[in-house]
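Structures given as structure tokens follow.
You will see subunit A twice below: alongside subunit B first, and alongside subunit C after that.
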Partner chain A sequence: MGAMTVDRADGRSVNQLRPLACSRNILHRAHGSARWSQGDTIVLAAVYGPKAGTKKGENPEKASIEVIWKPKTGQIGKLEKEYEMILKRTLQSICLMTIHPNTTTSIIVQVFGDDGALLPCAINASCAALVDAGIPLKHLAVAICCGLTEGGSAILDPTKAEEQKIQAFAYLVFPNSPLSILPSAPSAEVDGPIENGIITSVTHGVMPVVDYFNCLERGRAACAKISEFHRRSFESQVPGDLTKAT
Partner chain B sequence: MEQRLANTWRMTNNEKKFIESVLASDLRVDGRRPFDYRDLTIKFGREQGLSEVQLGQTRVMSYVTSQLVQPYRDRPNEGTLSIFTEFSPMADPSFEAGRPGEFAVELGRVIDRGLRESSAMDMESLCVVVGKSVWSIRVDLHIVDNGGNLIDAANIAALVALLTFRRPDCTLGGDDGQELIMHDAEVREPLPLIIHHLPIAVTFAVFGEGNIMVIDPTHKEEMVMGGKMTFTMNSNGDICAVQKAGGVGVMSSIIMQCLQIASAKAADITSKIKHAVEIYNTERASQKANHYLLEVANQVSLSDVIMKEKQVENLIEHLAYMPLDELENSNQGDALAVDTRTKHESISQGRYTRAFVRGPANWDPYSRGISSRLATSFPTLPGPSTKVKEHNVVTSNEMTVEYTVEHTTGASSSSTRVLGAPAVRPHSKGPKSLKDAVKLRTRRKSGN
Partner chain C sequence: MAAASTSGSSRDIGGSGGGLAAGEMEVEAYRRLFPLPFYERHLLDSVRPDARPLHRARDTSIALGPVASADGSALVKIGDTTMLAAIKLEVMTPSADAPDEGSLAIEFHMPPICSPIVRPGRPAEVAPVVSKQLSDVIMSSGMINLKELSLITGKAAWMAYLDIYCLNADGSLFDAALLSAIAAFSHLQIPLVSLSDDGRVVAVSGDLLEDESTPELVNKERKLLLHSIPFSLTCILHKKYILADPTAEEESIMETSITVVLDSSERLVSIYKPGGPVLAHTSTVKDCIVLTKHRMKELQNILEESLSAMEVV
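Then we have the complex of A and B:
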């Protein structure tokens, strides 16, 4: 199956992502904030750093993470609660939970535009916001959406129109590999199973096992690129307004 | 929860006393005069009906949607307008998620009164079939950053969103002439809402004994103030709404004075809004026209790689094309996956079009600590293709379009680019190198 045989509405190839943009330190009151956009999907995430106390039911011997998802319009329903839960668990696995016990870190996600791959965009935005707030992390969580067309070919970063047409798609979150800065290193020969692992995988629709693994491979390769972009955007950041009123 | 109370931000006594005492000499903490507004920035989203307003440090996003519903029984020929305010917890650590608190309700009510009771919007034009279906307009206001004076900012955001919102055209048709057909945007141009005038809210903060007034308080001034008054007026000099809920008593002579000032400010803000919306509308109209004329696709094939280019129609301000070349050792040899796809819709409209910028660049959110979008050409993917028996092994990965960001100087000068005619910048074909990137950047800077 040729890579170019799938005709995508906006002219991308199967492995091509939409243009990425990330701006950090946008809000004045929040401790950390980031706006991440993939094409027309735009998400603004804000982080309020460790606040005293944990919610009822949370383990007070560890830090806890609270995620609030705000859709663009409408009431908060089950879908938003599901996104909150997935985001919370994903971020819990990358934050160091034992550093600040009995504290709550709040991450608020506001959807500014939804054109497919909303949850991956939100995960990427939240990670950028956490970095902006200075919350210590083990590694970044880099997310991508991978869809499966009827022909069996995997397309990356589908738009909303594409998501509705295709047979199945998966949101995949991979850890940020620290070796990605080496230019000539061939893919994935890093130490430890952690680097090759998947943090989160959410699928919609039916896909055969072989195609799912294919999506994983594509997704991992694309995430390596996104994490490069992440790093570059952090490095090139001019230290902005470091004085923040609480 | 007591734990939450521990997190509330409290002002120090020094700050409080300083703000109060300095106001006696007509000075404000951020250097403004008592009756000066902060800088107003109005931005639009790609969708129609989405707006983002920044008033100093306060940011509000507004989104307008419409739906066909049954009208109220006592008003069978009028549409409905509903305003939902969201004090997002991201705006202020003291905002709680969940049910709107009293300030959120008050804000929603003031804006609602200003729009509805002054008949700013024409509700009868929203009627489709009397007694059966009318348009219900829903305005969602999201407070994203609380820097003080939320009412004014939210009001402007709501007005801008309503002015740029377009509802689908629908006609009666079908077999029996009773069926409602909604027309797609492609088929029939969507219609704007009919808005007769713009009610602008102007908020005053009262200090001292009720004799010191300042306009557009910041959130620190709001913590110190004795009371607050909001006047909603339009540029014709009509008072649409007045809100003063408790607080320090103010003499009627001072209220009259404030009304005069509010009237002048309302006229000023109205002209800014109209200017911004006009620019946005003309840009959108020209985009539609250019979209079909200027799209040029050049296809050049290099071994197994397809390279495409398209022309950029508009230069949105910090849009600089800067590709980095990384020739990798790949199985395909000289494979150069560079896709200079700067398709206008996905790039420029993915970000907010800056239609209107006023004031010094340090209020510009986009110049503050924005990372550049970097373009990278990605090497071909060797791995997965070997597993799937694909003949064409080369796949070009994404190429992001980037920007360089002019951190402090660029914003105000580059905004003039947007206000002028759309500039078309053709991109040269062929492999790009880092030199080109650097050159382009300096060229832009010198152009500024």
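Then we have the complex of A and C:
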């Protein structure tokens, strides 16, 4: 389909993401921490765990995850509660819950700057923090925000100003593509490779169904790039940094 | 509770189920102790324990106007899940940046009556999330045009308070809440108001219209015009199965749920999949959208029937 060039305020093309930056092990008391920024949206995530005991009402045969979301300003309201729930359920699907039963892992998310795509930034930061803490994971969750302009073209990673002008946007979370030394069984790939499955999808605004699937395609391609970025930033970590007080 | 081993060490439950004695107690015990294998045995036959096929939603009923003192109200039951929605209108001054628009405040409450997990000191975690989802969907679907809630530009406009109370929480809370909100808006009768002598907007009761000195009415329209109405369906994903309209038991066992909201022109208002162990591929999403379209037609029929039943009375 003919790609309509959309003029974006900061001069990016429709498929271009803002500059990503990730620094880990910032907080020395936390078991794991990471600071993830996409342009001016900056989120700091800290992981404490696994700690003994589960909360009442949680299944003691599995590990449980607790998320606390701290906004930059203002009181905690329904938006923060919703983000906490989405983050908790997304992270529950990537953690291996049966390895440490009857434990709680707490993830605290602090927003430093909000310039659009806040929830995806928080999900990316939490995954980096979980890796920094050494919590066993099945795969990473890679998140992206994809917006839909009036003309029907999909733009990636909108800023806050762009988010308010566009007709609809979707937060999409995909698993990252696994790099395995074992050959994958051909019967396992029925619906396509694992990175095509959606872990989480939250949409705002009305959009035609066709445009949603278009956003999914763009989102997958962008998540492959973010996934590469994660891998490079982990590989650059010096292996001598294994002495962590627990 | 039971040990985590699934080797079926208890003689009563049995391994493959062959030669099971047909006692009721053993089936109930199996259901509590091994809920997932119990469900999977049913899913192999494309049916659920309450004898519903996988893609059928539960029986839905709408009753309009149960709360006489509210300007609009509706009681919706989907299976056992019961929601009561009520709308009260109040005159207020519109804000300076939108002088010709009214406003809408949506609240979703889960009082302790609805479920054993909700206690006065321990509010349900899902309540603020469903509340926010409802306000997002209702505002972004464009069902209500806020300009219709305006009375006198810059001076008076309606503030609509929509409160939804969950009376029984048995799964698919968002679906039932959205349907009850729509039914309440369809039932809404805007009270007649007129301008009193000191410039205030006061409500006019029906008998004053018979007087000779009929006060000048500010608004003529009594019903709110609803544009593209959103309808939703929640589905649970488990391995390769898609179960439509889950009960609370199904939601707690199989944790991946996806809620699709479509409006009457079949545009996507929202796809909400908050994590979950099962990944949704494009084919699964397409199937859920098709199921939602069927459900939308069912719900439109039910809503029209209950509206026309109300006209007759």
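By definition in this document, the second predicted complex is superposed on the first by the 217 of 246 C-alpha atoms of A that agree within 3 Å, B and C clash if a C-alpha of one lies under 4 Å from a C-alpha of the other, contacts with A are read in each partner's own complex, and residues count from 1 in each chain.
Convention: contacts are C-beta pairs under 8 Å (C-beta built on N, C-alpha and C of every residue); 3 or more make two chains touch, one makes a residue touch a chain.
Fair warning: this is a prediction, and the values are worked out from it, not measured in the lab.
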Which of subunit B and subunit C A:212 touches, first, second, both or neither: second
In the superposed model, which partner reaches more residues of subunit A, subunit B or subunit C? B
Scan A:89 for contacts with subunit B and subunit C and give back first, second, both or neither. second
Quick check for you: in the superposed arrangement, does A:164 touch first (subunit B), second (subunit C), both or neither? neither
Would you check which partner chain A:19 touches, where first means subunit B only, second means subunit C only, and both and neither mean what they say? first
Applying the document's definition of touch, where does A:233 land relative to subunit B and subunit C: first, second, both, or neither? first
Which part of subunit A faces subunit C closely enough to touch in the complex? 57, 61, 77-79, 81-82, 85-86, 88-93, 168, 170, 173, 175, 191-192, 194, 196-209, 212-213, 216
Provide the residue numbers of subunit A that touch subunit B in the complex, in ascending order. 1-4, 10-30, 33, 37, 39-40, 42, 44, 46, 48, 51-54, 68, 70, 72-74, 106, 108, 110, 112-113, 156-157, 183-184, 186-187, 214, 217-218, 221-222, 225, 228-229, 232-234, 236-241, 245-246
Hey, which residues of subunit C end up touching subunit A in the complex? 4, 117, 125-126, 128-129, 131-133, 136, 140-142, 228, 255-256, 258, 263, 266-277, 279-285, 289
Complex contact set, residues of subunit B against subunit A: 1-4, 6-7, 9, 45-47, 50, 57, 59, 61, 63, 65, 86, 88-93, 97, 138, 140, 142, 144-147, 219-220, 306, 308, 326, 328-329, 339, 341, 343, 345-347, 349-351, 365-366, 368-374, 376, 378, 381-385, 387-388, 390-392, 394-401, 403, 407
